[in-house]
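Just below sit the structures, each encoded as structure tokens.
Each of the two complexes below includes subunit A, the first together with subunit B, the second together with subunit C.
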Partner chain A sequence: MAPTPLTPKVLLVALAFLFFFLTPAHAKPSYGGSIVLTSTSDPKSFNDITAKETSTREVTSHIFEGLTTMNAVTLQVEPALAERWEVSEDGHTWTFYLRPGVKWNDGEPFTADDVVFTFNDLIYNDDIASSSRDIFTIEDKTFKVEKVDDLTVRFTLPVKFAPFLRAMSQAILPKHKLAKAVAEKKFNFTWGLDTPPSEIVGTGAFKLSSYRPGERFVLVRNPLYWKRSKEGDALPYLDRIVYLIVQNLDTAMLKFLDGEVDYIGLRGMEYPLIKPNERKGNFTVYDAGPDFGSSFVVFNQNTGVNPKTQKPFVDPVKSKWFLDINFRRAVAHAIDKNKMMEILMNGFGYPQDSDMSKSAGVFYNPNVEKYDYDLLKAKKILADAGYIDRNGDGWIEDPEEHTVEFNFSTNSGNNERVQIASIIRHDLQSLGMKVNFLSLEFNTLVTKLNSTFDWDAIVLGLTGGIEPHFGKNVWHSTGGLHMWYPMQKTPATDWEKRIDEIFIQGVQELDENKRKVLYDEFQVIVSQQLPLIYTVLNSDLYAIRNRFGNLKPTSYAGPFHNMEEIYINK
Partner chain B sequence: MLRYILRRLLTILPILLVMSLLTFILMQKTSGSFYDTLKLNPQISPETIERYIKLYQLDKPLLVQYFSWLTNLFHFEFGYSFFYNIPVADVIGGRLWNTFVLSLASLILTWGVAIPLGIYAALHRNKITDRLIQFTSYIALASPTFFVAMLLLYFASQSGILPLGGMHSANYDGMNIIEKFFDVLRHVAIPATALSISSIGALQRIMRGNMLEVLGQQYILTARAKGLPENRVIYSHALRNAINPLVTILGYEFAGLLSGAALLEIICSWPGLGALMLTAVQSKDIYLVMASFLLSGFLLIIGNLLADVLLARLDPRIRYEK
Partner chain C sequence: MKNRAWSQFCENRWAVAGLIILGIIHAAALFADFLAPYSFSNEERTYSYAPPSKIHFRDEQGSLVPPFVYGAEIKFDEYRRRIYQDKADEKYPLSFFVQGDKYKILGLVPTTIHLFGVKEPGRIYLWGADSRGRDLFSRLLHGARISLSIGILGVAISFSIGLLVGGIAGYYGGKTDDIIMRICEMFMMFPGFYLLLALRAVVPPNFNSIQVYLAIVVILSFIGWASLARVIRGMCLSLREREFVLAAKTMGLSDLRIIIRHILPHTLSYSLIAVMLSIPGYILAESSLSLIGLGIQDPYASWGNLLAEAMGIVQIKFAPWILLPGFFIFITVMCFNVVGDALRDVLDPKTSQ
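Presenting the complex of A and B:
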């Protein structure tokens, strides 16, 4: 047979064939199947209001929803239990129109009563200890929450509150299940781990099916879930989410490589162990960008006096150095971020220059003052400010002849921080500072930061997010986490005063662009004044089995924020 | 004998009372508290932390807190866990059993292997098999439990014979009783082996030493001289005497049933008490810690008592009263 000539028609057929095979077979999502994940610890309860930490939210985020939700890809607020909303001219009154037809997973209808109950009877209840209350309290004033009709709720705010829509992702809990516990003042101890799974009622895409302490919890598809996909499919696609509780990371990794588990979060150090198995294990490693949160060195700038002993919290000699901006600038030039990323993160890290993470989207300001690693420059700054070795003993002295010597701590449980501290210490020593490293127990460290204030310098990290206002406790000079000088009556410096102003203005500015200008300025001030001297952030690396469709991993919300849309390729 | 046991049981109460008071003071007076992590959360205000403190009555004087806990204890209420917001007994409940299963499996394995091995080694003293056993015992003694566990897990992952940690298969609830037993057995194999390896080494050496000592005694010579069959000499005369000191060890092992395996439980994802207690101590979940300490203390006392009673039965020289 003669070879077929390469006519356009043949080419077209060939191309069509090629397309047919190249188009992924998972073009149309299908139902069914399970995803198996690991969790490093048990949830502490199923009660989203009293929950104090993340391992609880890992479960409850699948079961409960708020009026709004954050699109983890675009970082924009989107409707969830509320279909739409309006805000009054003055920005004080918000009206939410609830989505009709939404049902709790036990079949009861979801109404405005549930929203009012969640706020007035749970969050604002004086007998209930909940961190949610802090988000919905401005200057000691709470919001007024009223039912207009069955599907309309009105919030009246004491002041304008820019993060309001984001905060409204607050989970709504069912009144019909919990009203009794609240009336009997038992809510604090309700929905603990001993509750039968069927009692935990939410509106989310999944519901709790079983929990075996220390081993696993299983969530199953909520057939009553309201959300549809773009194609009109009733969500979610998956039948089951299984969380195995595996405390040891090495064991979790073995389970992942073995195929028992579908996902594992990695740090840079583990990358070379996992990456080569990608093809064999049929998975992909995603790099979602820098972690949220911060990692920094902080010097104690507290000039207060201990009321009990009438002595200053910090030795006045040391205080003088720590308050000296040149001293802090020199330290900033001695932070070897490249070395930290290389040694601790295998190169999978990001230098941190600003309080907002690069992943934070709109509020991240890349144009802040940056400090390159340059020991000569650091030495020169110190020498110009009068810190030189005056007696030839190898350590530098300040103009009053005091050797620059201070304690440098971090919490012993966090290996990475201990290593960061030791790298910094090494560089500070070569600047001639006598740095005594103390690794402290976490609780001791917190006590020092919070109540005794007897510390010199600390390496620490905080959690962060995309809403700058939620860092107010750190940045406002009255804040308890304003670590370098907490709970000031009046701002000690002009720049702290300006930051106070920015945070007060920023929270009342509803125009996002104007807000950005304010928070950009705040980030620049911080980078110039260096109350916190930033170090490095980890990359979020996710290794995920290839059998899933619709994956959109992000640093903000992890690999499975859109769990309801994820399906298994058939 | 009965009176002796009763007397010993009566002393338990004051011991536990003092123990609980000491634990309570230690937990309260050392620096830090369970809400320290909350304090470092930018989104949690001091007022909220105040509320938590009030909720758990941590604002009351120390002794008031202790006595209110103690009164509840007489109603068999062990207080609430700060972290789980449910009664301590509910948190500990199932995990207690799981740890017990693991410890028991390892206890049976250790004694079941070490005793015969020790006897065999003693009877074949300085032969090549004995040397081999002693050599392996040294290695076993020197290998850290967590390392052995990691190796075994790696082996399991490569061979696919045994499950990688955990205690039950996913379909456990649908099994019948025999399948359930074998399912747990398969899961317990790795942690129990890891836990036993170094104790087998140690116990085997003790058994061998005791046996050799007894075999050198004159009454063994007498027994042999009067023509008793070797089997009877060894098993009814020598063994009975050689095993006495081990009974004391068994008593202590009983006390360690609930506490010996925290690290291993973490590595093998065994849903036991160990990991729970470790985090409870670190995070200062006071009443959870107190409950577990009381439990361990109780078991230690009971274990010792058990050893003493057993010893009296086994060794005619020991009498506790006239």
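Presenting the complex of A and C:
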């Protein structure tokens, strides 16, 4: 056969193939190398059970694993230390079959004893200040955790518990290392910062190698790690993760621009500073979409009476306004979300209308009541509800002739939140409300929210997730974080009663579609009743050096949730 | 004697310059409402971080016209940097004695006349705008009121306390002296800034801005009086042995009268110097409290909370004009120090000999 002449088309295909193979994304993963990250504060310990701070979790998340894990891309539960699981007909009994051959990084085998120990001796131990105990307690009842054989564990739940599989990402700790400390009642102080790194034993892809306070901590590859890549390579690829401890985000940003660190989390505000250096600094800025979490205005609707002084927590005059849905609706129309996103986030933001973030996947309900920024509409709602300027002093008065004046706070130190509050304050003022703004220290604010209850209106934020039930503490009327009227004996309003019902039904409904209907209704109720008046959400932006392969940055778990799969392009 | 001191003071050029600058800044603060084109809370969010307005004296053809500014359009470029473009078809002539935000001259006469300005919807930003499009020039002038008056009020209160307490301790001596001095030492023992934070924490959170302002003044005076009391007490210890005090005693004057009328005036030259040199301390203390968000609250302006906006590299890089309040704090503090030093050279007999 005569050789085919090289037509342009063939050439194009040939070239395409060439580029296809040259693209680093398809390069073969290779071993070795390290990644340098930053942390703005020291870990407080290496004890995952008692850890409450993100700085501690940052380290322990690489060292420990749970029975299940959440795929950060699909937001589905996937097997981790458990290979598979079964649930009984009635939804009360869950049996987990553990992955055979998994070893702790000191060489000891991982067995059902470790799982039973983690739950029965650590999480359910009254002497231990466990941060995840609440999740595994339903109506004051704990789960029964038993070993069936070395690789099988059975959980018996008092009721049906829909988020159970998600909750089972709870880190499992080694019995052989910790049983002694628990017996001696020393567990709360075990695995502190002075522990030799070799003592901290996990099953995760990395293990602690060294820690120098205020300077850095280093994690190295766990050669005994069980997980294999699709190609059959033993994971992880990276040799080392180095965390530099820096003073603040600005320092981290400068270190990133200097090339000292490989990654930095950004906000829209910093984008113009970082983005122009993309080529020179050989990095890419990824936009992972809306942040989890929320930022909102909340009015104090507490009608309780201070048991010590016999006075109401909130002045009854003010209470009347805050309980008035028209008042809250008017405020919702006075939130200039577009300008907030433009000024504070350089356009990298999302207006928030619902408790669930857009990134939350299935449980996010886009069809809730939305409030556009319209001061005239807000004024009209107020006037129709009887709030008008009756004496010509420029401030509006309620029907009983009280000037609408209240205190408005947020926590100092969070510049973005202070700015959001200031913008809202300015607009409320132009509606004729006399608003006294004061930023308070975070702890002072928290004391007001959960013990003294002497506040009027606050701008605050909460962290969120994809499982609505984990917000029960906020939404159930008995919850401690039910900020507008916490720890109620019986729900004060009908809509709070309905939300209570939804949360009780939702957690027992194992059919995801039926759950969604319930939580959709909840989001609609919240948007109509406005206990929290939402503002705006940041986009999660990540700037990552261009030398890594297998990056799958997501808003849910950040850029390095699959750290074991990430490798360095050669 | 007074004239000699004054001419001696005038020989120090730095001090005279300092005094003039202080005079100008204080006068500007006093007439801030009139001099500033906008009130401190007048915001226009479209003009976020607008750079200082260019004032044009020539039109497109290059012929001389009355000064005007262009209306601006704000866009984000590909890197989301703010780009301000003049709109050629929107010209706002700069005029003097224009109508603007309502205010009261010296808190008495209501009016709306401002020294200069442009017609709405035009905006003039002599020194640029802050994040919410508020005029930095106007806010600096209004902030000067708070920052400078905190210095003066705070010093006035703490020196009244300091003089009186120091005078009593020095005049009576003995047990009274001991007790008062131990109390003073207790106050001086605490690190100032932490005492400031602790006292700030006990201010009731439902205070409005004016009350917070007064509370800060009181807190600052509360911290500042003790060191002065100690020095005054030392001076009084020697003064009370002097003949004129004895004379006053024999004439049957009351103790308080002797302290106030006869002893304290002799400490005046020292006090004057100390006042000059400690005002900067009050200005700085207010600024640092406001800088961390616990002092004067938005929308009210003080140099400290204006500077708080300039805490990130992003802001400093893209809107360097928001560092101006820091420059003003620096200049003012320096002027007070230079003037205070010069006063000491002139008035304090020990160093001038």
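The rule is simple: the second predicted complex is superposed on the first by the 545 of 570 C-alpha atoms of A that agree within 3 Å, B and C clash if a C-alpha of one lies under 4 Å from a C-alpha of the other, contacts with A are read in each partner's own complex, and residues count from 1 in each chain.
Note that in this section a contact is a pair of C-beta atoms (placed from the backbone, for glycine too) under 8 Å apart; a residue touches a chain by one contact, two chains touch by 3 or more.
Every value quoted in this text rests on a predicted model; they were computed, and no experiment measured them.
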| item | value |
| --- | --- |
| Partner chain(s) touched by A:Asp250 [first = subunit B, second = subunit C, both, neither] | both |
| First (subunit B), second (subunit C), both or neither touched by A:Asp336 | second |
| First, second, both or neither for A:Glu86, with subunit B first and subunit C second | neither |
| Partner chain(s) touched by A:Ile135 [first = subunit B, second = subunit C, both, neither] | first |
| Touched partner set for A:Leu462, first subunit B, second subunit C, both or neither | first |
| Touched partner set for A:Thr447, first subunit B, second subunit C, both or neither | first |
| Contacts of A:Asn436 with subunit B and subunit C, given as first, second, both or neither | second |
| First, second, both or neither for A:Glu512, with subunit B first and subunit C second | neither |
| Which partner reaches more residues of subunit A (counting touched residues only), subunit B or subunit C | B |
| Subunit A positions touched by subunit B in one structure and by subunit C in the second | 250, 254, 413, 441, 444 |
| Subunit A-facing residues of subunit B, complex | 31-33, 36-48, 51-52, 54-55, 80, 83-86, 90-91, 94-95, 98, 150, 153-154, 157, 160, 164-168, 170, 173, 266-272, 275-276, 279, 282, 284 |
| Subunit C partner contacts - residues on subunit A that touch it in the complex | 250, 253-254, 268-273, 275-276, 336, 339, 342-344, 346-348, 407, 409, 412-413, 415, 418-419, 422-423, 425-426, 429, 436-441, 444, 448, 454-455 |
| Residues of subunit C defined as touching subunit A within the complex | 41, 43, 45-46, 48, 76, 79-82, 131-132, 201, 205-209, 212, 292-294, 297-299, 308, 311-314, 317-318 |
| Subunit A to subunit B touching residues, read off their complex | 41, 44-45, 47, 50, 52-53, 126, 128-131, 133-135, 137, 188-189, 192-194, 210, 212-216, 242, 244-248, 250-251, 254-255, 257-258, 260, 413, 441-444, 446-447, 449-450, 462-463, 470-474, 480-481 |
